[in-house]
Amino acid sequence: MTGQARAGRPNKLLRNLNAKIASIPMILTALVIFVGGTLWTVFYSFTNSKLLPRLSFVGFDQYERLWAAPRWVTAIENLAVYGILSLIFSLVIGFMLAALMDQKIRFENTFRTIFLYPFALSFIVTGLVWQWVLNPDFGIQAVVRSMGWTSFTFNPLYTPEIVIYGILIAALWQGTGLVMCLMLAGLRGIDEDIWKAARVDGIPMWRTYLFIVIPMMRPVFITTIVIIASGIVKVYDLVVAQTSGGPGISSEVPAKYVYDYMFQAQNLGQGFAASTMMLVTVAIIIVPWAYLEFGGGRKRG
Amino acid sequence: MADVGTLNTTSAGIDAVAPKLGEGPSGPRPRPAVSARNIMLYGTLTIAALYYLLPLYVMVVTSLKGMPEIRLGNIFSPPMEITFEPWVKAWAQACTGLNCDGLSRGFWNSVRITVPSVIISIAIASVNGYALANWRFRGSELFFSILIVGAFIPYQVMIYPIVIILREIGIYGTLTGLIVVHSIFGMPILTLLFRNYFVSLPEELFKAARVDGAGFWQIFLRIMLPMSLPIFVVAMILQVTGIWNDFLFGVVFTRPDTYPMTVQLNNIVNSVQGVKEYNVNMAATILTGLVPLIVYFVSGRLFVRGIAAGAVKG
Amino acid sequence: MNMNASVSIKDLSLNFGAVSVLKDLNLDINDGEFLVLLGSSGCGKSTLLNCIAGLLDASEGQIFIKGKNVTWEEPKDRGIGMVFQSYALYPQMTVEKNLSFGLRVAKVPQAEIDKRVARASEILQIQPLLKRKPAELSGGQRQRVAIGRALVRDVDVFLFDEPLSNLDAKLRSELRVEIKRLHQSLKNTMIYVTHDQIEALTLADRIAIMKSGIIQQLDDPTTIYNRPRNLFVAGFIGSPSMNFLHGELVKSGEGIAFLANGVIFSLADYDAGETLQPGRKVVLGVRPEHIKVNENTGGEEHDATVDIEEPMGADNLLWLKHAGHTMSVRVNGARRFNVGAKVKLSFDMTVASVFDAESELRL
Amino acid sequence: TDLEVTHWWTSGGESAAVAELAKAFDATGNHWVDGAIAGSGGTARPIMISRITGGDPMGATQFNHGRQAEELVQAGLMRDLTDVATAEKWKDIIRPSSLLDSCTIDGKIYCAPVNIHSWQWLWLSNAAFKKAGVEVPKNWDEFVAAAPALEKAGIIPLAVGGQPWQATGAFDVLMVAVAGKDTFNKVFKDKDAEVAAGPEIAKVFKAADDARRMAKGSNVQDWNQATNLVITGKAGGQIMGDWAQGEFALAGQKAGTDYTCLPGLGVNEIISTGGDAFYFPLLKDEEKSKAQAVLAKTLLDPKTQVAFNLKKGSLPVRGDVDLAAANDCMKKGLDILAKGNVIQGTDQLLSADSQKQKEDLFSEFFANPSMTPEDAQKRFAGIIASAD
Amino acid sequence: MNMNASVSIKDLSLNFGAVSVLKDLNLDINDGEFLVLLGSSGCGKSTLLNCIAGLLDASEGQIFIKGKNVTWEEPKDRGIGMVFQSYALYPQMTVEKNLSFGLRVAKVPQAEIDKRVARASEILQIQPLLKRKPAELSGGQRQRVAIGRALVRDVDVFLFDEPLSNLDAKLRSELRVEIKRLHQSLKNTMIYVTHDQIEALTLADRIAIMKSGIIQQLDDPTTIYNRPRNLFVAGFIGSPSMNFLHGELVKSGEGIAFLANGVIFSLADYDAGETLQPGRKVVLGVRPEHIKVNENTGGEEHDATVDIEEPMGADNLLWLKHAGHTMSVRVNGARRFNVGAKVKLSFDMTVASVFDAESELRL
């Protein structure tokens, strides 16, 4: 009897067939574009392909050249400085704005719209606007000087040592609104009773935020950090629009190096090697996180 | 019952002898309208708001000035004489090479690119998110993890392989190709949003629908979709702004007669004819950002709600 | 104002915008008393408790704690400790840190902190948990820690907001006993919000039953149970609810009687006095355990049919059809009946209640 | 037939010149669909290349002739123009012949050169020097000597835009002027790293160091904004190719009176003969292929050459055209060309990859005063050593 | 396999990855039976129910409904209806649409749909709600609609997953009665998951008590309550829990007796037979209502002290200290004791249980 009953067991592959069919675009994207494209890139980074991909292997030559190139090193340094600072500042500013917005204030909608609107603008637009505002001959420096402080100097975009901060200002302007939104959503999700308990315990507001609320918002922070970090690694348009990597090479970033060498220098091999290095960096940051969040047997919710 | 007197007097309307209030504070704590706290609070917010508004102000003001006035130098001073000529020029006259029809052409191209791309990428991602949340199959989480890691890959890395793939399929340079590209790169973050949102919906709803006999598509279309407005708004906003603002794909995967507005903007801003016409550039910049800005202003409130529903839970 | 009272509330009103949640409320709570605020969801219990704690500002009125007007004081200065339904533990701190955080912020000397934490964790038997984080605790353990957090504050008044609602039935009854024991040993004032009448009946020295922001009755549990002041209280307390029969008073033989659907119940044993006049429309309330089935207690007997039987282990709950009403009757768990069986009921009128149909007050 | 032509000529003078090409092509009954991509070759080339490799080629596209399109040709993506060239006798008319050589790969001709651009010019603002109270210099050394006076008058001595190719170009110009033609060829043609590390080049770096000092304060990106600084007298001079002339012309300035041009920086009157050329991707469409041939022919038509080059400020690629309308500077250029004092442009000598590395080096050098000429030279020699 | 069974489960196992949730489970449910799956949180009740419904795939084993192997059928083809704890109503549809959704999906003719919806809404008395959306309904009404949705499917087997857990106590007992009534009138098979023992005892024809994916006892409520098969079942059922005394069997006078902490309980009245041998380590279990206070029932009397008193209205729960144990005893609500009072206990051994200390099985 059991034998006859077991005969009814359908093919495993056909179960959830619709779901599988519907997921084909995702599977294809994941496998062909992301995995395939990545492997392809890594593979060709060991060749000396120029304008067109060519199968002439040169071992690690491209990598040696990459790490010997001052521009790449500068780009990596810039990315580190920009990345760390923009992570810190956007979290701090975003959180502080969210905390202020969470005080049952009037005009909340107005303030929120003001903080969020730059996010609607492209990096190209952001870069142009800030290039303009920071321009020493027209922008803030000129205006302050014309008001009498003639020795006032604020010229980040043409000062190699601080140009990256000029880019940071624009990036924060564009991105903190979203961070604030995420944080606000997180704050609104905190159990009201926690606040009450802290008040009964006589814990001052700032300590409640610092020691109780922020640790409780860990998931929100993780989501936010992931979103910011993925943007940081990709930063390109903003630099191109604001400084084109200048003055000199002082605001170069890795993504721009990749692009320039792949397309302008017509040295695909070098570009691929640089992208591979970026991928490796990303992987080191992301894979452990992705594993914790989505692998590791953690299920719904 | 000794304390019958202290019993709440209004309870049933008997003996309404209101006890006298004691000395001292009574009623709500006094809260002055102008307290130190409020000054700090609104002061900080206002200063922050000024920082965020400043560039917009500069853009608008500059775009309304004539070039002579701009040369005088103060970018913050309001225009002495308002002129809309820069706007007209940016929209209809600015030149790139031989084409002197300003942004107007790019605008319609952007519309033609954005509308189908947004619809298709959201359609694909929402189905993905739904399948991942409710119909997990062997390997689905793996594909999803790949997708998420893919969100971090710099676009430049992927351009070359994608050019090759699109060439092989034969849709390189077509609108279809661009839509495919936008759908691909929109997929990771949108899928994440939709997945998290659908996961946060009660699973029992899905089970009930299955018991009721609804299949994959019926559940999606008739049960899940009607409940997903907030997350669709978020996805829509993200995609509209993302695709509208895209420059790289627009320039790599289209041809000049279908260039989107951002490429046109870049062309106008970078095609310097003698001196930079900052007023025209600013007007062009505002015009380019107008569509996503309007989308934000109109649906900002839903955006925050949707973010709370889709992004923060993880 | 009762100068003896530990907590005293005077003419307290509270509105959220246009919605009035508490209305001219007066309440004196004695020193060392265990007062339970009981009422259904949304009646304003938590709101009242938050007012006492200082977490909400009163719209009108005053609050005194230990004779001191604290209406405008900060929560921490009121000498209260509070326990929440959701525990509200600080999730990233160990139990020990959770207990001591408020003290450290208040700059209490470390030795004193240690002493108090040790004492609280001993009382609540959570010493083995001190190094764990809340996520590693079960619900009951969490709630113990939450109580501990109030305990270390060494205060006169404890406020509990449905502390047991998130626990399952078994844990709930265990912790109920512990809280009772805690009160017996600490002897401080406790104000306890719940919508679970078993908790209210078992824990309270006095129960304040609330409805829409108004206290309906404030009495000790026995009085509340046996002599409910009005129909609402009578129906609210007791599970299953008191059986209500709508009818009128009539004269019968030696005295007054109750007539409903043509059936007469003698009220000779009911102790009420002059208020029972024939012709008055009234509601008769009899608790399920005050009806006997097939046992002659000497009074009248009424015919009924078993509709549903609900065996609950120790008890057996019968739903009977009697003269057009459905009645619930509680019998011993060992006695079983078949659905549809004909039975005889006899009512114990000495512990019944009669309410005026109009004013809904007990007569 | 409609033919899409992509190019990066978007500045004022440039687009005026392109309009001439379009006019001439439209006159043949075809239609020039303009595909201008702003932001210089660096932005535009990748787009062109991805379109060609992506299988969506345009009808024709601008490249700097030289090695930029080499691989595309080798990959068989480009159309062979030999038939057109033979019919039109390009071999005979194009001068200097090195231009056509750059278009020739394996004996076949793949591009149509349209102009000769020379880099070796110093443009000076007469007004600026007047204001500073010094004579308009006649060569580089005088210019360097005049710099302090200019600075005192609040004028930037040398305008250099932020785009990397400007710094590189300026260095190459200095090299020809300071070290001479032979050294230039040894370094860039023969890739002789020893020479590159030698004393001759050290002198060039010395000069570049001067240039760097003089360039401080030019807060502009685009070359034509830098030119504009000269035009408006905010800067004393600019090292820039002959295309700068177009901007002066557009601003209505006259050579000699309003501005001065010094070929070869007034030191070594040599010009390089780089330039622009049009390449024609292989198309499937018969009609379009025919139109390509027509366009190729039109580009080299004498009338088109004159009209185009006058607007563009460059020299025509054929020696047999009448340039009576040419201005002072252009005539100077034609003279040098006639004398044969020419060198090949670095675009023709170096791969894009080496060029890019050079750009990285010099844009850093010009922006970063703390980088010593010695260090820079060391790196320069390294690039030459590995160049191909 | 019982061919008579309505639902029959054969050797069912289910793993989530490495975690085994159900282990070789066998269960036959008779036609028209009301079976309750009872167990604490996480024991696998919902998992089993979902397997029956086809919402989870079994790792091993088979499921038969009405004699048909449905192990690989889609949920809709199994002839089941399901009601969820969270109601799971489709929020954007009216009640009517909610009820008819499944029928519309199955393309049932409109006339038939109308008929079935009318019938279900009449049975559940939700006709006035048909045009409303779920958000406009109270919890009880929502759950009624959810039951209605199962009802219109006209199926043989109803599955309930803690349908009443989200309701407050009062509504819960009301709906419990309604479900019982529904079963009495429809007479179809019902499988009902709960962790509330009152629901289990009152509703079930048979109760299956589960622990960690294994059925501990499957019996009718009376048997489960009075003759629990093992210590777990004994402790799980009954509120407050059965009192357990750890000790051993000894010979005493006429027969066998139980000795714990020096106190002897005669087991002369206990009905067990040969299994009671002196020297065996056992656990004696006595339910709180089987201990009498200050009432001589003829047996031995034991001294005890009142520790805590929990008046619960109809009953009064005493926690007593007796020979080193704490015992709970249930007495009539009218009898009150002072804390610290000395009382005499007498145990009703006829209804006590003796468990082997090692195997934990009832002797």
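In this document, chain identifiers A, B, C, D and E correspond to the written order of the chains, with residue numbering beginning at 1 in each.
Definition applied: a contact is a pair of C-beta atoms (placed from the backbone, for glycine too) under 8 Å apart; a residue touches a chain by one contact, two chains touch by 3 or more.
Everything quoted here is computed from the prediction, not taken from an experiment.
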Intersection of the contact lists for chain B and chain C: A, E
Most widely separated chain from chain C, with each centre as the mean of CA atoms: D
Two chains sharing the most C-beta contacts: A-B
Geometric centre distance via CA averages, chain B-chain A, whole Å: 16
Distance from the mean Cα position of chain E to that of chain C, given in whole angstrom: 27
Inter-centroid spacing, chain E versus chain A (mean Cα positions, whole Å): 53
Chain A and chain D, separation of their C-alpha mean positions in angstrom: 38
Touching two or more other chains - residue numbers and ranges from chain B: 159, 266, 269
Residues within chain E bordering two or more other chains: none
Sequence positions of chain D contacting 2 or more other chains: 46, 50, 53
For the chain B and chain C complex, residues of the former touching the latter: 1, 3, 6-12, 18-19, 21-30
Residues of chain A defined as touching chain C within the complex: 191, 193-194, 196-204, 207, 211-212, 215-216, 218
Chain B to chain E touching residues, read off their complex: 202, 204-205, 207-214, 218, 222-223, 226-227
Chain C partner contacts - residues on chain E that touch it in the complex: 40-41, 168-170, 173, 176-177, 180-181, 184, 195-198, 201-203, 221-222, 225, 237-241, 287-289, 308, 310-314, 317, 319, 330, 333, 336, 339
Chain D residues within the chain B interface of the complex: 4, 6-7, 9-12, 15, 18-19, 22, 32-39, 43, 46-47, 50-51, 53-56, 58, 222, 224-225, 228, 231, 247, 250-251
